[in-house]
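Please go over the structures that come below.
Both complexes shown next keep subunit A, but they swap its partner, so subunit B is in the first and subunit C is in the second.
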Partner chain A sequence: MTTLITQTIAKVVVPLCVFLSISLLLTGHDQPGGGFIGGVMFATAISLLYISFGLDDSKKFFNPDWSLYFGFGLLLATAAGIGSIIAGYNLLRTDYTYLQLPLFGEVELSSAIVFDIGVYLVVIGGLLFIFKKMGED
Partner chain B sequence: MNLPVAVVLAIFLPFFFAILVPYLERIVKHNIGWFSALIGLISFLLLVLISPEIIRGEVIHYSVSWIPSVGVDFGIYVDGLSLLIAFLASGIGFLIMAYSTEYMSHREDLARYYQYILLFMGSMIGMVFASNTIQLFIFWELTSITSFLLIGFWRNKPQSVYGAKKSLILTAGFGGLALLTGILLLRAITGTFDIPTILADESLKVLIKEHDLFLGTLFLIFIGAAAKSAQGPFYIWLPNAMEAPTPVSAFLHSATMVKAGLYLIGRVHPIFSGTEAWLIMVAGTGLVTMVVAGFLALRQTDIKGLLAYSTISQLAYIMAMYGYTTYQDPSLGVVAATYHLLNHATFKATLFLIVGIVAHEAATRDIKKLGGLRKEMPITFVIATIGALSMAGVPPLNGFLSKEMFYEASVDIGASLGQPYNLLIPMIAVIAGVLTFAYSIKIIDGIFLGKRNDEHLPKKVHDPSIIMLGPAAILAFIVVLFGIFPSIPMSFIIEPAVSGIILEDISIYASLWHGFTVELLMTVVTFGLGIIIYKKYDAIANWQDEFNKKHPTFSLNYYYDEIFGNATENAKKISLKFQVGPIRAYLFPIVLIAILSVLFPIIILSVELTPITFNFETPPYELIVFILIITTAVMAAIIPSYLPAVIAVSALGFLIGIVFIFLLAPDLAITQILAETLTTIIFVLVISKVPQTFKEKIPRNILYRDILISLTVASTVFLIMLYATQGIIEPFESVSHYFLEKSILLTGGHNIVNVILVDFRSLDTLGEIVVIFLAALGVYNLLHSRGERK
Partner chain C sequence: MNILEHTIVFMIAIPFLVASLMILTRPFPEIQKKLNVLVSIVLLILSVYLFSQVWQNGIIAYDIGDWGKYGIVLVADLLSASMVLLSSIITFLALLFSLDYIDDKSQNTTYHSLYNLLIAGLNGTFLTGDLFNLFVFFEILLIASCGLLIANEKVEITPSSHKMEAVYKYLILNIIATLFMLVAIASLYGTLGTLNMADMALRIGYMNENGTLPWHLIPTALLFIVVFGNKAAIFPLHFWLPDAHPTAPSPISAILSGILIKVGAYGFIRFYYLIFEGNLEIFQPIIIFLGLATIIIGSISAVGQDDIKKVLAYHSIGQIGYVFIGIGMGTVYALAAALIYLINHAISKSMLFLVSGCIVHKIGTRDMRKIGGLSSTEPFLGLMFLVGIMSISGLPPTSGFIAKFVLFDAGISGGFYIPILIAVIFSLFTLFSMFKSWQRIFWGEIKDNIFEKENIHQNSKTMLSSLVIMTVIIFVIGLYAEPLIAITLETAEQILDPQLYIDAIIPGEVR
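Now for the complex of A and B:
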C-alpha cells in the first residue's frame, strides 16, 4: 500500500492525529478523551505511517523501541499510585487545583494526569510493540 | 539500657550484621567468622542484661501498632521460656561460629555461611520473643528458610540439595502452612493475634477449650510444631538435614531450630493443655516417636545419622513430657520437659561438635571405620564421654537428672490414667531409655575404644586446636555443672521458664541424690537392659538392614520420594487433562457455564411474566444502522474467504461505534472506532500471510454443535438485552448517579468516563495496563519462540 496517494495523505494526517491524540490526553479529564483513547489514536496514526511507507523504510527515519514506552508508562502509573501513599493518602488517590494561566484563563490541573500519561504510554507502547513485531514477522 | 530496646537490638543486630557480612568479608577475609561470633556474643550479653528482670518473675511486654486494620502488632514478649530458647540460640550460636572459624576451610564461601547463620540466629530470637502470632509465624518461616539454605550450603552435592528441599517441604510447607491455618483459627475463636492477651485471659482459654474449632486448631498448630521438631511422621527430614556442615547441624538441628516446635508447644501449653486431645496428640506422638527413632538410631553407621535419630528420640521425650499434663499436677511434666530441653541442647551440641572434630581430624564419620582413638585424642575423648554419658542418663551429669524426672513424670501420668497405662507408659519410657543408653555407649565405644582401625584411619590423628575444643569443652563443663549443682539451672533458668508456661510462680527443688525412689529403680533397670541390648547391637542393626531390604516399601521415605520425586511428572499428567490445546476446547465449557447460569433464570422469569408487552419504537436512522449490523454479522459468518470476512467484522465494529454515538457516549464511540481500525489493520497483516480461503473442512457434527452453541448464546444475550431495555427486569439502581454527583466535587473532572478510569476505578485501570503489558510480552514470546522452533 506504499502508494503516493497514501503517503501524501499520511504526511498530512499523521501529524494531525498525533496532535489530536495529545489534545485528547490533556483535555480528557473534562472533555471526551483521556489516556487510553489518546494512546489508541497515537498508535493508529503511527501504524498508518508504518503501512503507507513500509515498515523497513520508515524504520530508517523513525525507529523507537516501543517496549521502553510501555515499561516506562507502567512505571509512571505505579509511581503515581505510590506517590499518593507517600503523600499520606490511599493508593492512587488524586487531588486537583485550579491554575490561572495567561491566554487560557482558569485551568484545572489534576494529579490524575500523571497516571493518565502512564496509561497513554502503556497503550502506545503495547499496541505498537505488538504491531511492529507482527509486521516484522 | 531500656530493656525493650535491648531485646529489639538482640533480634535485629544479627539481621543488620548479616547484610554487612559480604562487604566486611572483603576487608577481613577469613576472619569474618570472629566478627560474626562477636555479634552472637553481643546478642547473648544483651539477653543477660535483661535476665535479672525475668528471673525476678517479671515479663517484658512492649508493642507498637503494625497493621492496625487487622489487629496485628509488632511486639516483644519476654518471659522465662522465650528467654531460655533465646539464650540457647545466641549462646550456642556464638560457640558455633567461633568453632566454625577453624572447622570451615578458608576456601569455602564464608561470607554466605556466616550470613545464613546470623540470619538464622536473628530469626530464632525474633521468633521466641514475638508477642503476636502473625509475627511468630513470619520468624518461624524465616528459621525454616535459613535452615534450608544452610542444609543446602554445599550446593553441588545432590544429597545436600535433596535434604534441603525435604526440610523445606516438610517444615516450611507442611508444618508452616498448618501452623498459619491454626493461627487463623485461633484468631477466629478469640478475635486476637496477641499472645499475652490470650495467655492472661482465663475466660478466653475456657472459650477456646469449649469451642467447636478447638480440635482443629490444636491439631493444626500441633502439626506445625511436630514438623519443626521432627516428630511423628515428619521425622524423616532431620536425618537428611545432616548434609549440612557439622557446626550447622549442632546449632540448628540439635540445639535450636528443632526446639522451635517444642517452644511452640510450651507457648500454647496454657491454652490447650488439660484436655484429652492434648494428651493423646502431644504425649502420644512423643511416646511413639521416642521408641521408633531410638530403635532406628541403632542401625546408623554414620555418627551424624545416629545423632540425628537420637535427637528425634530426645525431642520426643520433651514432647511427651509437655503432653503429660491432663489430670494431675501439670508442673511435674513441664519442669521435666523444660529441664530436658536445656540439658539436651548442651549435651547434644557437645556431641555434634565432637563429631565435627573427629570427622575433621580422622576424615571419616563412619563408625565402622573409626575406633581406638582415645590415646591420640585424649581431650576429645573425655569431652565426648561426658556428652554421651549425659545422654545415656548416667549420674552425676545433667542428663541423669532430667531422665529421672522423665521417669517420675511417666509413672505419675500412668498412675493418674489407671489401667493399663500405669504400666504401659513407664514401660515405654524405660524402653526409650534403654535404646538411648545403647546408642550413647556406641558413640564412645565406636570412636574411641577398642582396636585402632588402621586400615581406614590416617596415620596420625591428634586433638584439634583450642578453637575447636574450646566450645565443646565449655558445653561439657555446663553438662557437669548442671548435673552436680542442679539448683543453679533450676532457680535461674528453669523456674522462670516453667512459670512462663504454667503462668504461676513455682519453686522447684532438685538435687543429685533424691533417695531410693521408683525412678531410681527404673534407671538401674535401664542400665542393666541397656548393657544387654548393647551386646546385641550389631545383630539388631543387621536385622534392620535385612528387613529394609526385604520390605523397601515399609518406609516413610519411600512414600516421600514417590510423591515428591515424581511431582513434576504427576503434575504434567494432571495438567495435560486440562490443557488440551485447541482454543475451541476451552471456549466450550466457558460459554456453556456462562450461558446455563443465565438461561435458566431467564426462562423461569419469562414463564412468570407472560404475557409481556413490548415496545419497539425506533427512529428510522437507527433502524438502518441495526439492519446494517445484522447484515454484516451474517456476512462475516458465511463468507468463505478471509479478507472479506474480516472486512465484514470490522464494518460491524464501526457500526457499533455509530450506535454509541446514538447513545450519546462519545468516549466509547471514539475508542470503539479507533480500536476497530487497529484490529482491522493487524488482522489484515496476519491474513496476508495465510491462504485466502478456508481450507479446513469442518466435520458436520462439529459444525452443527457450534451452530447450536452460537444460537444459544445469541438468543440468551438477546433475551437479556430485550428484557433489560424493555424494563421487564427490574433495573438495578444506576451507579452513575454517584459518579455524576461526586466527580467534580472530588476530582475536579467533568468527563466521568475518564474520571472513573483514572480516579474512582484507577486500580482497575492499573490492572488493565498491566494486562496490556503482559499481552505485549506474550506476543513477543510467541513470535520469538516460533522463530526458534524453525
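Now for the complex of A and C:
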C-alpha cells in the first residue's frame, strides 16, 4: 500500500480527519458526536498513516506508546467523575457556562467535555494499541 | 458535606481510578502490588461500612449525575450490600494469594489493572439499579475475566494454547448470551419505556392490574432466564464452565467460581422477584427442575474427573443448582437458605481452589493420577483441603452443614419433598467425589516422580494466610450461624417485598 498516490492523499486526509475528530469531540456532549466517535475517527486517521507509510517507516517520526493514552484517558474520565464529588455533588454531575472569546464569539464551556476527552483518549489508546501490536506481529 | 454519603459510588469509582493508575505505573511492579493490596483493604472496609449503613437505615439510592430516575441509579439494598461485602472478602483474599502465585511477567503487564476492573465490574453489577447498566457491567466483567484467565502461573502447568481455547469458548458463549440480553432489554424498553428496574417493576405492576400485560413480555422473560442461566452455568448452558475455570490461574478460578457465577443467581433474583414480581409463577417448576438437573449433571460429572481443578469446577455447576432450587421455592425461609448456600459456596469453593493452587504450585501438576501421599510432606495443606471438602459437602461443624441443613429444612417445610429427596441423594455424590480426591492427593503411596521437577515452588506465608482466614470464616459461620441466618432472613423478606425497593428509588409523588 505504500505507493506515491496513497502517501500523497494521506498527507492531505490525515490532518483533515484529525481536525474533524476534534470537532466531533468538542460538540459531543449536546450534539451528534462525542468522545467515542471522535476517538474512532482519530484512530482511523492514524491507521491510514500506518498503512500508507508502513509501520516501520512511520515509527521513525511518530512512535507514541498508545497504552499510556489509554491509562491517562481512563484516569481523566474517572477523575472527572470524582471531581464533582469534591465539588459537593453526586458523581458525574455536570455544569456549564458561557464564555465570550475574541474571535469565536459566545462559546459554551461544559464540564462534560473533560469526561469526553477521557473517553476520546481511551478509544484512541485502545484501538491504536491493538492495531499497532497486530501490525508488529 | 459528608464524603461517606458517596460510599456506594466509591465502590465502583475507586477500582476504575486504580485500574488507570495501574496502567500508568507499569514500570514499578512493587508499587502496583502494594497499591492493589491497599485498595482492596479500603474497599473491604467501605463495603462493611456500606452494609452497616444499609442494615441500620434501609435501602440507599444514589443518582449518578443528579438525573433522578431518568439517569443511572445505584441502589444498595441488603442483597446488593451483602453480595458486595462477599465479593470484597473473596477478591481481597484471592489477591493476597495471587501476589506470590502469578508469574511476575503477567503481574507486571496487565494483571493488576484487570483485577481492579473485575472488582469494579462485580461491584457495579451488584449495585446498579438500571437494566442497561447491568448489561454494561456484565460486559466489563466478561472482558476483564477473559484477560485474567490467560494470566500465567509461576509453575507452567497449563499451556497457553489450552488457555486460549478455554477463553475462546468462554468469550463466544458469553457474548451470545449478552446479545440475547441486549435483545431482551430492547424489547422491554420498547414496551415499558424505561430502563430503571424499579420503574419497570412499577409499570409491569400497573399493566398487570389493568390486565394489559402484553404477551411478548413472557418470552422476553424466558430470554432473561437464558442469559442469567448462562452466567450461572445452569444445566443446558454449563458447557463453558468446566473448561474456563480449571485453566484459569487458581486465584482467578476462586473468583470465577466463588463470585462470578453468583452474578447469574443475583440477576435472576432481581429479575424474578423485582421486575416481573408475581408474573412468572408459571416458571417456578421449570426453575426447580433446571436446578435439580444441574445438581445431577454437576455432581455425577465431578466423580469421574482426574484433574483436581476440574473436579472442583464440575462440582461448582452442581452447587449452583442448590442455589437455584432455593430461589425457585420462593418462600422467605427458602430464599434465605439459598443466600446462605450461596455465601457458603463462595467461601468454601474459593478456599478449595486456593488450596488446589497451593498443591499445583508445589507439585507442578493438576493430574491426580500423578499425585499421591502428599500428607507426609504437606500436612497443613491436607488439613486445609479437609476443612474445605467438609464444608462443601456439608459436614458439621462447618458452614456447609448450616447451609445444607437450612436449605433442606426450608424445602421440607415448604412441601417440596421430591426435589429435596433428589438433592439429598446427589449431595452424597458430592461427599464421594470430594473425599475421593482428598484421598487420592493426600493418602496412598508417595509417587516418586512428583518431586523431581526443577521448578518446585514453596508456598509463601501470604498464600497460606489467606487460606487460614477462609478457614476461620468457615468455622465461625459453622459454629455461630445465628447472625448470618438473621441477616439472610431479613434480606429475603426485603427481596420478597419489592415495594420497599421501589419506594426507595421512586418517591410516591414523581410516579
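Throughout what follows, the second predicted complex is superposed on the first by the 135 of 137 C-alpha atoms of A that agree within 3 Å, B and C clash if a C-alpha of one lies under 4 Å from a C-alpha of the other, contacts with A are read in each partner's own complex, and residues count from 1 in each chain.
Criterion: a contact is a pair of C-beta atoms (placed from the backbone, for glycine too) under 8 Å apart; a residue touches a chain by one contact, two chains touch by 3 or more.
Bear in mind that the values here come from a model prediction, so they are computed numbers and not experimental data.
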Check whether A:Phe36 is in contact with subunit B, with subunit C, with both or with neither, and answer first, second, both or neither. first
Looking at the overlay, what does A:Leu74 touch: subunit B (first), subunit C (second), both, or neither? both
Should A:Lys59 be classified as contacting the first partner (subunit B), the second (subunit C), both, or neither? neither
In this superposition, the partner of subunit A with more touched residues, subunit B or subunit C, is B
With the two complexes superposed on chain A, say which partner A:Ile82 touches: subunit B (first), subunit C (second), both, or neither. second
May I ask you to decide whether A:Leu92 touches subunit B, subunit C, both, or neither, giving the answer as first, second, both or neither? both
Check: subunit A residues flagged as touching subunit B and also subunit C 67, 70-71, 73-74, 78, 81, 91-92, 94
For the complex, which residues does subunit B have touching subunit A? 666-667, 670-671, 674-675, 677-678, 681-682, 685-686, 747-751, 753-755, 757-759, 762-763, 765-766, 769-770, 772-773, 775-776, 779-780, 783, 787
Applying the document's contact rule, which stretches of subunit A touch subunit B when the two form their complex? 24, 28-37, 40-41, 43-44, 47, 51, 67, 70-71, 73-74, 77-78, 81, 91-92, 94, 96-98, 108, 110, 112, 115-116, 118-119, 122-123, 125-127, 129-131, 133-135, 137
Help me check something: in the complex, which residues belonging to subunit A touch subunit C? 67-68, 70-75, 78-79, 81-82, 84-85, 88-94
Applying the document's contact rule, which stretches of subunit C touch subunit A when the two form their complex? 1, 3, 6, 9, 13, 16-17, 19-24, 62-66
